[in-house]
Amino acid sequence: MITAFVHIQTEPSAANGVAAGLTAIEGVAEVYSVTGEWDIIAIVRLADYDQLAKTVPDQIGSLKGIVRTSTVLAFRSFTKEEIAATWDIGLS
Amino acid sequence: MITAFVHIQTEPSAANGVAAGLTAIEGVAEVYSVTGEWDIIAIVRLADYDQLAKTVPDQIGSLKGIVRTSTVLAFRSFTKEEIAATWDIGLS
Amino acid sequence: MITAFVHIQTEPSAANGVAAGLTAIEGVAEVYSVTGEWDIIAIVRLADYDQLAKTVPDQIGSLKGIVRTSTVLAFRSFTKEEIAATWDIGLS
Amino acid sequence: MITAFVHIQTEPSAANGVAAGLTAIEGVAEVYSVTGEWDIIAIVRLADYDQLAKTVPDQIGSLKGIVRTSTVLAFRSFTKEEIAATWDIGLS
Amino acid sequence: MITAFVHIQTEPSAANGVAAGLTAIEGVAEVYSVTGEWDIIAIVRLADYDQLAKTVPDQIGSLKGIVRTSTVLAFRSFTKEEIAATWDIGLS
Amino acid sequence: MITAFVHIQTEPSAANGVAAGLTAIEGVAEVYSVTGEWDIIAIVRLADYDQLAKTVPDQIGSLKGIVRTSTVLAFRSFTKEEIAATWDIGLS
Amino acid sequence: MITAFVHIQTEPSAANGVAAGLTAIEGVAEVYSVTGEWDIIAIVRLADYDQLAKTVPDQIGSLKGIVRTSTVLAFRSFTKEEIAATWDIGLS
Amino acid sequence: MITAFVHIQTEPSAANGVAAGLTAIEGVAEVYSVTGEWDIIAIVRLADYDQLAKTVPDQIGSLKGIVRTSTVLAFRSFTKEEIAATWDIGLS
Amino acid sequence: MITAFVHIQTEPSAANGVAAGLTAIEGVAEVYSVTGEWDIIAIVRLADYDQLAKTVPDQIGSLKGIVRTSTVLAFRSFTKEEIAATWDIGLS
Amino acid sequence: MITAFVHIQTEPSAANGVAAGLTAIEGVAEVYSVTGEWDIIAIVRLADYDQLAKTVPDQIGSLKGIVRTSTVLAFRSFTKEEIAATWDIGLS
């Protein structure tokens, strides 16, 4: 599973419209309006790396009301189970 | 449900250790090493706003190997169902 | 009580109009024109976390004359009384 | 009344100690650990401009565990009453 | 005496016009076109803190040709006489 | 007359000591502790351009407790008298 | 061989068009839409330094839909063979 | 094929050593010392997305002499052939 | 001799036109289109400090196609001869 | 001729020493201590592109007292003569 965090800055007053548009795009799992310099964070979850290009720059990138985006891609996820299996969790 | 995205910059070579420590903290739902200027994004999901202070600045903030954090908090989540119920999705 | 600091950059000459609009929004407790890179800081105080979405991105976000906002949310407040009850205040 | 917002970045794990120290300083009205790039926002309220120098750079500036501060000073506060008295609030 | 340094970025070719406008505002003591990312620095000197709001955001803020401003306010001034009276100036 | 604004960031708790050192340097006309990302602004006024190198990078630059400086130099000063003599001040 | 990495920010929805235009320019070896604050990275490979000016600021710079570019030029490339010939690779 | 651009800032005088270390890591296709704020750009080419985590944060991330990294990942590559097959290249 | 480096960001496709305009201004000694976040660096060499205001903000500042400038002024130049005369060049 | 502008930030009080070191490096044509966020700008002029790697990252990069460098490389130089030969200088 490929996970990406798309940070989105929208035009003033356009956040809710952009958020609505995001939820209609396949692969967009969760959409939040957020605090801080960005207006929206969308979590994209895709089975296959090749779907990213169509989902992020093509579909998300073409939504009206978006000023700027910055996508952060997950290298790897860490879960309790994996950690227990591989590392000593004796962290102070 | 309160959702927060904790962006973490770690000391060089410390990312995996910090990620392991994060998975042991209650309320930390997902942990990823990521591309871009940050090293890790942790998704925190909590039932109650008052738990944030203990989870983020106290527990996450005290993990060794962290240089800098910036937490982004969700105002609201948007789902297809909610959108269909409230907005006309006829976005061009 | 949820406390948030909404940092606002306005269009040139629009600060006073935006400030006036802010005072009419429920939950906006204090409004200041300020020094530095931002033009206005509004302190939002709300009883319930769920009211944030309506107050900040919806109502504040839709005021005319706003170029950019960045909201900072309080995790926890610290008071003398709490500190005395929990920490040794013998700070040099 | 002079109002100032002191934005503080602390050393990792030092936020609570710095916050405690802040509450012991006269003129520091409210202290919050916060989301975003800063760790703490302290609201300083003073009767007289000349007290600022002693409160902010001297006392706050000398607390252990502080990496960086940026103080924002209020030019003017806006209240509903003042706005009603001076501006036409007929905002669309 | 309250001293403030108003850093101003103007629209291309507008610096001289903005500078001229600044000199007509009461409380603006000195105006310079400058090197670096800002185009103008104006030194404001006022007897009373309450005059700042009218001088900086209202009057300076409403001059045509201004893109962005950032005001820095003096906490305290340091003079040789004061230093001699209070500190040992035996600096190597 | 050459006018320069030396913006100085000091080590935590070092601002007053650096300010004291500045007042002892010839050509440093005014020294202020200030709000914002910088800790001190020093106004340097010199009769001759060639004195700048000795005053700013050499003398100011060698003061203990300084982390970073950024000097802004005046191209030209604007005064009411000059403006009246050269421009039509009929600014709307 | 001269190698350059041209980082390109495009207008919203313009990335694919700009990318298409890039592939038609001689010397542009590879073109990618990418994560992060930039939208596109183009790798330029040229035999001769003097061709850079025509390729980057002239041809690439004149493509429609580009907001901002930042070109990074290679000083030297490092290959396993060169390293083996000159350095001890006994890196821990 | 997965393509990534790893931007690396090294400690002063450490660039050549880090570059040498990079060339010994499988998946690192090209390594350049470069102009601009970064010291090195490494092009990583991998057959499989899952190899990224081991190559970038683990192996590259653990090289001595690295201060900071920022990895940019390619969504999609654009080639003349693909463009000719899909888009009308009639760009003015 | 006064030396200044004028860093210039131009509108897309305007770099060559701005560069041409620069070469026609007296005091502009060298003009380069450059890599990095700026598009042009112009070296200004003037006999007299007072000429700077006319050359940089007035003449250069009024050229069409300029988005932003940042001028860096030389405090002092260092030459081999001066260094040999004053410092021990035995730098390890 | 290859022209490069090496922007250098030095450790506090180290500027003069670094400047001296620079003048001893072949290819470094001019060295200035400067205003603004950088401490030194060195102009490098080399006959051949391949010399850059040895001059900038190797020799300059290894000088003691340097915190950070950012090199800007000239694509092309513009001179009055060339402009007159190629462009109509009838700029309004």
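Think of it as A, B, C, D, E, F, G, H, I and J in the order they're written, each chain with its own count starting at 1.
Basically, a residue touches a chain if its C-beta (ideal position, glycine included) is under 8 Å from a C-beta of that chain, and two chains touch if they have at least 3 such contacts.
Which protein is which chain? UniProt says A, B, C, D, E, F, G, H, I, J = AsnC family transcriptional regulator.
Remember, it's a predicted structure, so these values are computed and weren't measured experimentally.
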item	value
A-H against F-J, pair bridged by the larger set of C-beta contacts	F-J
Chain copies touching (chain F, chain I) - same or different residues, decided at half shared	same
Chain D and chain J: spacing of chain centres that average the CA atoms, whole Å	43
Chain C-chain F separation of Cα centroids, rounded to whole Å	34
Residues of chain C engaged with two or more neighbouring chains	16, 33, 35-36, 53, 56-57, 70, 72-73, 75-76
Chain-to-chain touches, reported pairwise for every pair that qualifies	A-B, A-C, A-D, A-G, A-H, B-C, B-D, B-G, B-H, C-D, C-E, C-F, D-E, D-F, E-F, E-I, E-J, F-I, F-J, G-H, G-I, G-J, H-I, H-J, I-J
Complex interface listing, chain H residues touching chain B	4, 53, 57-58, 61-62, 66-68, 70-73
Footprint of chain I on chain E - complex, ascending	12-13, 15-16, 33, 35-37, 39
Residues of chain A defined as touching chain H within the complex	2, 49, 52-53, 56-57, 73, 75-76
Complex contacts: residues of chain C adjacent to chain D	3, 5, 16-17, 19-24, 30-36, 38, 41, 43, 63-64, 70, 72-80, 83, 87, 89, 91-92
Partner chain F, residues of chain C touching it in the complex	35-36
